[in-house]
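What follows is chain A paired twice: with chain B in the first complex and chain C in the second.
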Partner chain A sequence: MKKRNLNAIYHSPLPVEVVALPPLVPHNPISVAYYVYQLVFVPFLWGFKRRRRLTAYMELYTDSVSSYVSSIAVGSYEDMQELWKAGFFGKGTQSRSDPTWVLRTSKRLQEASGETEIVAPEEVTARRRAARKKFKNARALVEQGVVSNPADPEKVETNEERRGQKLTRAEDMALRDSEGKVRQLEKLQLTFQEAFFLAYALDIIDIYDGRTGDLVTVPYLLGLLMPDWSPDNSFIVNYVVYHHYRSHGWCVRNGVKFGVDYLLYKRGPPFSHAEFGVIVIPLYSDESKNQLMRRDWYWSSGVNRVVGGVKKTMVLCYVKVPDCIDKWHSVEELLKMYEVREVVLRRWIPSRNRD
Partner chain B sequence: MQMVENDAADLIPISFIDGEYFAFDIEAVKRLRNDHHVAGILVGTLPQVPQQSTFLGLPVQLMPEEAALLVQKGVARIIDEGSRHEAMLAVDENDIDEATAKLKINEVESAGSESQGQLVSFTTPALSTVNRVALPESSVGAVYDTPRFDVYKYLHERGYFILPGLRFGSQFLAYPGDPLRYHSHYLVRGLGYGEEFSLLELVGSGRLGTGVKKAWMVGGHVPEDEQHKLATLNSSKTIEREGSEPIEDFVSFCVEWAGFG
Partner chain C sequence: MDDLDNDYDEVPVTPGQGEQENAESDDEQQDWRMLAAIGSKKSLPKRGEKEYEPTGSASDRNNLDESRQAMYTALNGERQHTSKVHISGIWYPHLRKAKVLVARGPHFKSIGKADSSGVIWLLPEEVIYLVERGSMSLYNARGDAKISLQACYAACLGACQGQERYLVYAYLKRLGFIVQRATTFDESGEERIVQKPDSCRIQRIWKFLVQKFDSFCTGLRLAIARKIPSFGPIICGGLWRSYDSIYKELQIIPFYSHRGSDLTPKSTVAPFRVAYNVWKPRPSFKKSNPGEPDFRVVVVNAQKDKMPTPAQTGALFSTLPVFHDSTSTSQQRLREGYKNVIIGVVDYGIISFITLGDVSFGDEHIYDRHAASRLSKHHTTKKRQA
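Now for the complex of A and B:
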């Protein structure tokens, strides 16, 4: 298995192109000319072959009161790959995180020719689990006193291996399109905060209503995501935190599998494990409300233990919620009303933390 | 609530000091552990090895739920050490013998007349002139009818040893037998009926429990008008134990992660 060049595949931290202006030396005409060229003509040239905008589709559900967003997903294969490779947005609906369903299904149906060298994370996990199971079976045999030659592994065949020997099933016919290749049936599902970030902050995505096909503008999207315009609406509070960390260069992903709100990666999941687990706590100016909503020591201890057990640091992110959010004319003004402050909570054990 | 009528001197003394419950007497600790499967936590310094905190000695600290359940069952009595200490100081030296005798009589009297959940207190001849009631701010009565107490009582009736669960971020840890012999099976969280808890807590506690080979248990008391729904859930029979009511109005669930590793 050829080791992938991660730096080549995941070379940009966000799906935007950045032009670095050269240093300007005023008395040197060549430097001035080059600077003006980079400043004016390069974006102008790009304007012709403008970067393709990505598309996503929004599903809504309505009750008697109003419409609510139920999901925002990207369907096209190129858009999915671009969003994942530049910034690790979203989660594949048929995969663990990286949208690899087409790749894995092609491999399973023994179709892909040149792509067998790319190993999906799910396959890495499956191999690790199969190896662990083999080891446990062998250990159980040894413990029972069965005198078996440990260098004879053929007896212990796992279920996965038995299953893998079958090729295509009848249901797999429906997966192929007219040319015989696997259809793109997977979507990349974006969280609401990611979708709003891509639409508002980066402005590279067009979101369409799944029923009507109309383009959803940013203010309308905000209205759908925050149907009650209360200052402590969970979408806007979480979005403020998401925007804050993204703008500082962190890769921010959902942290539900560790019981936290967000995970912060330095570069992204393929490079290293997350360093921080962020929990968002709204802070009101009314102190009695803060007392009402406060968490107890048991909660803090539990989360700290889970997060510490996976070698991350727990960050409590306090978001100061304004009293009312009626007076704003742009999303930027709305975001400016919120303040973010972090506190790191780490457990120090004198017997263990000596180094 | 039936209460076993014990001789007052037979009741296990639990000292109430500054909001916390302790058992100082070694015989009391033995009775608690062997007869009533209440383990408690040792919090005292061992005189032989004072400069460490791994091995601790008497007294044993009890949780408010443990003290409350023992009082409810009529096997223990709470002694308010603060008032008792002041009462002993106020006794005139010449009257010590007389006062001590009166103290003992008062103890027996007031222990016999206690009602459920009331703190047992006593007055001395010297204190009776002072207008003061020897009740601390948070007596045992405040513990009853809380979700924590309901789940504690539910598990205690089924023979579990229950210790505080702060280490694992839960309210209690439930051991199937003596903690010195077994690992705990459950991280326990008591909830009120209809009380909401977040999905993040469910995921995090389930993950924590599965990582340490335990299950996360949530349970709560079901009010009477909703108990008809329990018939489909609680298929197992309740356990009858002498001297206490079986709880038939409690429902509990366990959460574990699947597909780990």
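Now for the complex of A and C:
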């Protein structure tokens, strides 16, 4: 497989447009003129330019007592691509993470024409696993003494054969629209922290109520996400951590698969594995409460083993929770009432640290 | 013998075996057949593959039986040592120390402390360690009766500040580390002042100025922004010249920083105090001038003590010197910590070591470097094409 130019595809770390100043060559008058143009006129013209805003829909779950947000998702293909490529926000509802369902489905349906060579990450994994399984089966046969020659494994289905079987599905016709294109049935689901970050901090997304179609304003959204307004509300505590790492340049993604709250990627999933697994722990001003909430060493050992097993470092992220969050004039002031402190935890193995 | 059947893989590793361990071996079971192979011409068995699974075959069972038999033979062997390096000492219960009568052998390079008259005194954990490994005979204060290993434990363990501490001490010693009590070993011991007060004052002044400037800016911004709704955004629709400037604007969450933190050591309470200073094995070690220890170890009991709160961790870190110098990369500082300490967690005799590192993600610039590396990469590919 030809390696894609990742830097070109995922060039920006946030879905915000940046216009860099050109390099200035003082003895070249054209360069100076261009620099001045970029410095003075571009910001002026920028004021008239309308920024494209992304659209998300919020689903509310309402019962007799209260209503709460059940999901926030982006539906348009362009918006999904932009959110994924610039900052790796959200998760495709039909995909592992990158919303590739349309790509994969149209590829599967077009397979007969044999023109595409775009490979979705799910497929890369599937191919690798198939190859590894084939190898393991062959090795097991050799070890058991059934087969003496490892170079003679049983005939395994080729990729082409497997794809050929997939081509014949009765319900596939319903996936295409009148023009024969695959319908966009996938959505990009955002975590509440991601949605709030995009709506409040970056201001690039408009969230609409899925049923009424009304625009959900930031104050209304905040009220829905933290209905009890307690200082240690899990949304706000997690948001503080999410915002903290995002603001320091990390790509932050959900870490439930590794038993942690967040994973920190240096640039994003296509570039490298996550380096850190973050666990969020609220910290109170009352030290006796903190003493009561201390976790034991069995817990830390368990998480550390899982996180360490996938070559990540475990980070305990303590969030100092204020006693009262009633008095604030802006969300920024509210967020500034919290404070973050980190401790990393690693297993230490004496025999590996001796020489 | 019977009780050994169940937990033979937990028998502590002796130094002789330790040398043959490779870097990956810590978690794997000992293959005891290597003991039987020593002295014969048979080569040592290779370590199993990572994904090895028992097949239940006869050869598997045979290997297991052979290994078990080799272990029994090894354990049955009589323990011997030469009388040349045999040590004898006298235990003084009221001093909680043992006086060494004849100091011989390599142990004294890192064990014991000589007083002004040149007599070497041993601490209780050093006494148990030496008696247990058969290197020393201990006598009572009158010098007329030899103290048995059981009696030695009974006499000395109480002075070791807990069984857990002795277990960690002995475990690290057996692995070849040089282990000494830290100044904070006892409850009354004082923390050293690690940082110089000068840099501390400069940092305090700097922190003060930054705070003043910050509050001035916030006030100014609040005054100007009366009309702007208080629900954001942080990143307005203006023109941005770089992602770095966007990130700077986004950085509103206060965080604990090494730069502005208070550097005076706080008082720590047991068990979260450094118990032992540990050095990697080195021939040049001098008791009189040991230098900075490689590791600092805190010992806790997994049943009694839970994980420390950040206040306890912070107090512990405040007594430690900075681990990384200015040449370290942000990667190293984040993974290993700006300061770090090892916690020996002892649970019913099983020891697990965990490093706690003091880090601050807010102090490290991550995005900056990407831009630089991307530019340089771009540059090199262009060069290659040209």
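Basically, the second predicted complex is superposed on the first by the 299 of 355 C-alpha atoms of A that agree within 3 Å, B and C clash if a C-alpha of one lies under 4 Å from a C-alpha of the other, contacts with A are read in each partner's own complex, and residues count from 1 in each chain.
FYI, contacts are C-beta pairs under 8 Å (C-beta built on N, C-alpha and C of every residue); 3 or more make two chains touch, one makes a residue touch a chain.
Computed from a predicted model, the values in this text were never measured in an experiment.
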Message = Tell me the contact category for A:G309 with respect to chain B and chain C: first, second, both or neither.
response = first
Query = Regarding the shared-chain residue A:H244, is it in contact with chain B (first), chain C (second), both, or neither?
reply = second
Task = Return first, second, both or neither, reflecting whether A:K107 touches chain B, chain C, both chains, or no partner chain.
result = neither
Query = First (chain B), second (chain C), both or neither: which does A:S301 touch?
reply = both
Request  = Figure out whether A:V331 sits in contact with chain B (first) or chain C (second), or with both, or with neither.
outcome  = second
Request  = Quick one: classify A:R129 as touching chain B (first), chain C (second), both or neither.
outcome  = first
Ask   = Which of the two, chain B or chain C, is in touch with more residues of chain A?
value = C
Task = Tell me which partner A:K187 touches in the superposition: chain B (first), chain C (second), both or neither.
result = neither
Request  = Determine where on chain A the residues touched by chain B overlap those touched by chain C, and list them.
outcome  = 297-301, 304
Task = Flag every residue of chain A that touches chain B in the complex, lowest number first.
result = 129, 132, 256-261, 297-306, 309
Footprint of chain C on chain A - complex, ascending = 7, 12-14, 16-21, 42-43, 46, 51, 136, 143-144, 199-203, 217-219, 222, 240, 243-250, 264, 266-267, 275-276, 283, 287, 290-291, 294-301, 304, 313, 315, 318, 329-333, 335-336, 338-355
Ask   = How about chain C: which of its residues touch chain A in the complex?
value = 13, 18, 21, 23, 25-26, 51, 55, 57, 171-172, 175-177, 222, 230-243, 246-247, 250-256, 280-281, 294-295, 300, 302, 306-311, 313-314, 334-337, 342, 345, 347, 352-362, 364-368, 370, 374, 377-378
Note = As the complex stands, chain B meets chain A at residues 165-171, 199-201, 203-205, 207-208, 211, 261
